[in-house]
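Next, two complexes with chain A in common: one pairs it with chain B, the other with chain C.
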Partner chain A sequence: MEASVERVSVVRTRRPVPSIVATSAVLAVAAMLGVPGFASSGNVTNIGLQVSILLIIAMPMTLVILSEGLDLSVGALLSLCAVVFAQTLGLGWGMALALGASVAVGMLTGLFNGALIAKLGLPPFVVTLGTLGIAHGIALVLTDGNAVVVGNPSVAQLYAWTILGIPFPVIFALLAYALTHLLLYHTRFGTYVFAIGGNRDALLLAGIKAKAFHIAIYVFGGLMVGLAALVLVGRMNSAEPASAIGMEFDAIAAVVLGGTSFERGEGWLFGTVMGVVTIGVLRNALNLLGIESSLQVVSVGILVLLVVVIDSVRKSRVNGAKA
Partner chain B sequence: METTIPTAAVPLLELRKICKSFPGVRALTDVDLQLYSGEVHMLLGENGAGKSSLMKVLFGAYRADSGEFFSDGRPITIESPADAKRLGIAVIFQEFSLVPHLSIAQNIYLGREPRNRFGLVDHRKMHLDARAALEELGLAYDTHAYAADLGVAQQQMVEIAKALSHRARVLVMDEPTAAISDREAEALFHVVRKLRGSGVAIVYISHRMKEVFDLGDRVTVLRDGRLVQSMLATAATPDELIAMMVGRSVGTVYKRQYFGEPGKVALDVRQLTTATGVRGVDLQVRCGEIVGLSGLVGAGRTEVVRAVFGADPIQTGHVTVFGEAVTGGPHKVAAMGVGLIPENRKQEGLALKRSVHENLLTASLWKLFPRGWYQAEKARSATKALIDSLRIAPGDPSKSARVLSGGNQQKIVIGKWLSAGCRLFIFDEPTRGIDIGAKTEIFNLIENLIKDGAAVLLISSELAEIVHVCDRAYVMREGVVSGELPRESLSEQNILRLAMHGS
Partner chain C sequence: MSILNNSRFVWSRVSQLDVRHHVGEETATLIYRAVLIVLIALVLAFATAAFSAAPNLLNVLRQASLMFLLASGLTLVILSGGFDLSIAANLTLSACLAAGVMKTGGSPILAAATALSCSTLIGLLNGLAVTLLRLPPFLATYGMLWVVQGLAFHYMGGNEIYGFPTAFRTLGTGFLGGIPLPVYMMVFVLIGATIVTGGLNFGREIYAIGANSEVARLSGIPVRRRKIAVYTISGLMSGIAALVYLARVNAADSAMGEPLLLPVIAAILIGGTSLFGGAGSLLGTLSGCVILALVIDGMNLLNLNANWQPLVIGSVLLIAVLADVLGRGRKERIG
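So, the complex of A and B:
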């Protein structure tokens, strides 16, 4: 009888290592060898500062895309949150209270996005395109289109604060990563993020209120955007109504570079971190080479397409081998 | 290994006089079913006999119109899947409920993840429990593997482990061996026997006679939504079971009017083998005849048609249409005069939001207007001719295809290919979901097609349709043609024997 017992153990990971691992390594080595000043410790700190905001907002973007969603509103929302943060500081609010206002705006917007997407089943692309417009418009109205300068010195001090030589924004971003990792891989919520993208029916059959968790993904996104406003305002010591517009492009690019798919809840949070760093390294190296920022956007776009094409070719080879 | 069912024992679960109807259809009429602890209960019936409906009632997905349920002799109600779950009833559907990028352990405990004192998921305990659950079934899977990396058979095992971890006492399996290899099926049977030994009642829906006798303790046969008989498997023979399954009363059976002399060969398939599971199929269709292609769901009929139409690549063998070898994709095959009326007409055959007019002409625009200039008047008259000859109702060409009845939608798909000048028509389940009157009309149309010298290949799961409409029929089973039946021996019994038994 025991002879027919299935002892074939399933190999845990048959999938190839995502291309981002090799891509980021190649890019970093190339930059070190070919770009003067790239490998200096000052420049490495610089890259860390440059990518910190992107890392914070790319974390929830990973969850959103894992759930087969998309959030185009993060750039405009981050700008709005920064304006709210700077203006409430200007009203004499303390930093914690002002940050609370920013987070509240972020989370309410996330709730609005999530409710329309999960409850009414509207396409995420359309919903968040709408909130992009609304958030941008409100930021313009609040500021009359002008920058809001921060008088309270503690924000800039916090931005410049270092622990063991590591700048505060980098630590803040790493904490955001740690929190998202904990949520995604160690809570029920995280498990359901994969299930919402992979097989919603499975959740319903298990008697889980999938919609509530679906909304929570966008609310979490709003929370992170609200917090990121602290770093954004700290960097410039002011808030402009359009300062972060377009950052949704880099955030989505980082997630896709990291190997997260738009289908079936397939993805990898650390891949997003590598995607963020890769974009940061690329832009920084191009900066040092004196290449203007519009061409940097082009190069990020090319990089994303390159990695996606490589991944899809490799995947179809693996599937071909299986069949 | 033999289990004897103590007939005096109280059934674990009993259904009495279950009735269920839908608008226009009686799905179940006075069906009784007793399930005993430690038995494998085979459920048999033709497509549409009521097996799925009965299982859905059992699982709470449908609410029975009338009837009683008893658990261990006590009356109970099953009105929702939650009720069924509470009673320990689990169903393993053919489409699995696994999340692809979660681990085996996460899938088994989806929604019931064990948590530690910090409220975080206790991965250690979850994997230990999952491994224990799989070991109960004799499986040594790595519980960290993703569901996406598992084969169909392995996914099935995970589903079983999941059901058992819910402490299921009744496990329903819907054609579990339909998509797995023989070796995998052996492993599955081993698990099923093990479950039987531990007192689970297993309801096993199957179309394979061998399984019925290898695995089953008792057999229940349904026909037309009614119970034919429940009996011990040892007390039945394959021929008896087949005789019980056939002879459905399908209401008005079509009466064929016209029989012609078969003309030249329209479709010639030789030793067709595809990656989709078709193995060495031979079949011919001549002009002026209606040839049936029968077999159970999943036997490979649709796969043959897809390959013929150029939608799937041909591995070996060849297909000839009107003497010309088929090489290209659907576009080329259609240009050779082959019209496919797909099973899924709403998704594949029609643009539902577009008008009758537009749908009728989609396949023939180049034929009507070879220079590429659209002439509204010419198009209108072409549409009108088609609407009149096919008697499409309502006859308003500007109506969107969505508002038409199933039968009239089917006529539009036929008209689309007629206007394109097709001479070989392949119908894949043309009468699914349409009423009796429309069915008759569809068959009239098919008959008219062959009267005009066209050739027809008809795929149908309704045995009576094949018997009454076709000149002759091929029967498929597990990807091969298990037999060809000339008109004289075309009977439901013969078809079913070839479809289930293979000889």
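So, the complex of A and C:
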């Protein structure tokens, strides 16, 4: 009885083409036709620069959501890491060492989140809401609420550096994608990420240290956030204690747009990349049309809602056909 | 009444520290909260002279009432096994709209109606997203948080609206018999909500859904409709809190609600309501609101730099979640 139910659901998971493919295509064509200046090469580079940070933090967010978790602390943590990076640079540390400090802060916070979530079984969204407050508070205390201006010119130079015409932040983000792809699809860690979301009990029964892998997901998230601070500080040449707050909204939206489900460990890393690009295209087009960022947030929300509704209708149709 | 009897019974046996052996779990939780409130108040009274002044104590009570208005709806949502992250953003947008109506010459009644319809609509949309689209509650309401916040930013355009009619301001600043009006509202909501959750079928069904929604569905409870109802109530309460808050501070801006989100969640958890649904009470939430109001008041009186407040509140929130889960674990071990 139980087994036959399982089999049905396995058949169901042979999914049709995710909606994100059509959505991003429609959006890109509409922007090319309807928004003057959108299709220029300068603007395409611009979109790449704009989405680079989002891509870096959306990668671990995919793994977190695959494991039926959520990380609301990403934006606040990224702001904190940027502050730490800028302040240690200000102390005369080299760029590598300062980035190390930023990564250490990120990974420690990830470890803290992961331990509370995996070891103690606390609900991820509340834990990371708490760390959001703590990270934001530490950033405020460290800076006394002011921006930290970076004196060292090498960070801005690195940000502006291009290889074969491709800006460094874009290459950095693509490397982050490649690393995450490798981890998710070609290592035991990746297999366990899917399993933690899909069937954690079976994993525990099979004797795998599921909790350690579960914690590792959040530590990996902290690592990526720590690295993203380099791009953020390079862009602004300064760090503000609240500069990236709310960025986790775009990251979560990108993952959901990309078709990763909060249940059963279903997901697609490249879908997240497409989700990130879709959000980047949408925000850029709205920018060019002179629509302010507060309404862009609303538009991203509506886009996600639209895709979720379409997916849910399609899913119920597939299920209806099966029944 | 029974609380009083039980507590006398308990204090006669102070040597046996675990109150739970003698009274129900619920009562024991409330006694612990009451003791905690007294302890914090004593510490603050010794630490700063300003704490014990009557205006300050009334201010704490007013702050607690405001938080409770916001927290009561969220408590119902959490009892039903859901969550609502959009309450503070909802408060912001509703208050800004009410402020806008009054600024353009609309009467306070029209402003209140606008705020309440806006907030209730947001709650209804949350309920529909959670039930019809089957989105996880924290995801749906998190998305709603940013959409609503974005609308508030857009509506205000970075400006502030201030200066409202005296009649409206009475709602937040008025007194009746020496006690602030919001306190009466709090008591009214507390009594109403306690009757609903404790005595009416609706309340029992909410607990049942939170404990196990599948079992609730199989026993004939209209789970979807009840869930939509609790999210809608949560929206409505955000609107009521928005009006009281607006009347009190006499100014609206697009960031006014945001600092309330973490304290309100912390207050509910400290009040003993479980994040996993099905356990908790409105009276517990009230005790949590008083504790958080005391903590915030204490930070202000001790001249703790405002930059420290997110850090303190975030830590309090985590400690509250930790206590919830560890306490539950112990209960399960005890059997």
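Simple rule for what comes next: the second predicted complex is superposed on the first by the 309 of 323 C-alpha atoms of A that agree within 3 Å, B and C clash if a C-alpha of one lies under 4 Å from a C-alpha of the other, contacts with A are read in each partner's own complex, and residues count from 1 in each chain.
Keep this in mind: contacts are C-beta pairs under 8 Å (C-beta built on N, C-alpha and C of every residue); 3 or more make two chains touch, one makes a residue touch a chain.
A quick note: this is a predicted structure, and the numbers were derived from the prediction, not measured.
Of the two partner chains, chain B is the only one that A:N199 touches; chain C does not reach it.
In the overlay built on the shared chain, the residue A:I302 is in contact with chain C alone; chain B does not reach it.
Looking at the shared chain after the overlay, A:L116 reaches chain C, while chain B stays out of its contact range. Once the two complexes are overlaid on the shared chain, A:H136 sits against chain C while remaining clear of chain B. Looking at the complex, you find that chain A touches chain B at residues 1-2, 4-15, 182, 186-188, 190-191, 194-195, 197-199, 201-203, 205-208, 264-267, 323. Chain B meets chain A in the complex at residues 81-82, 85, 97-102, 104, 106-107, 110-113, 115, 119-121, 123, 138-142, 144-146, 148-150, 154, 157, 186-187, 190, 275. Contact residues of chain C toward chain A in the complex are 83, 85, 129, 133-136, 138-139, 142-144, 146-147, 149-154, 262, 265, 269, 275-276, 305, 307-315, 317-318, 321-322, 325-326. By the touch rule above, chain A contacts chain C in their complex via residues 70, 72, 116, 120-123, 125-127, 129-138, 140-141, 144-145, 246, 249, 252-253, 256, 262, 292, 294-298, 300-302, 304-305, 308-309, 312.
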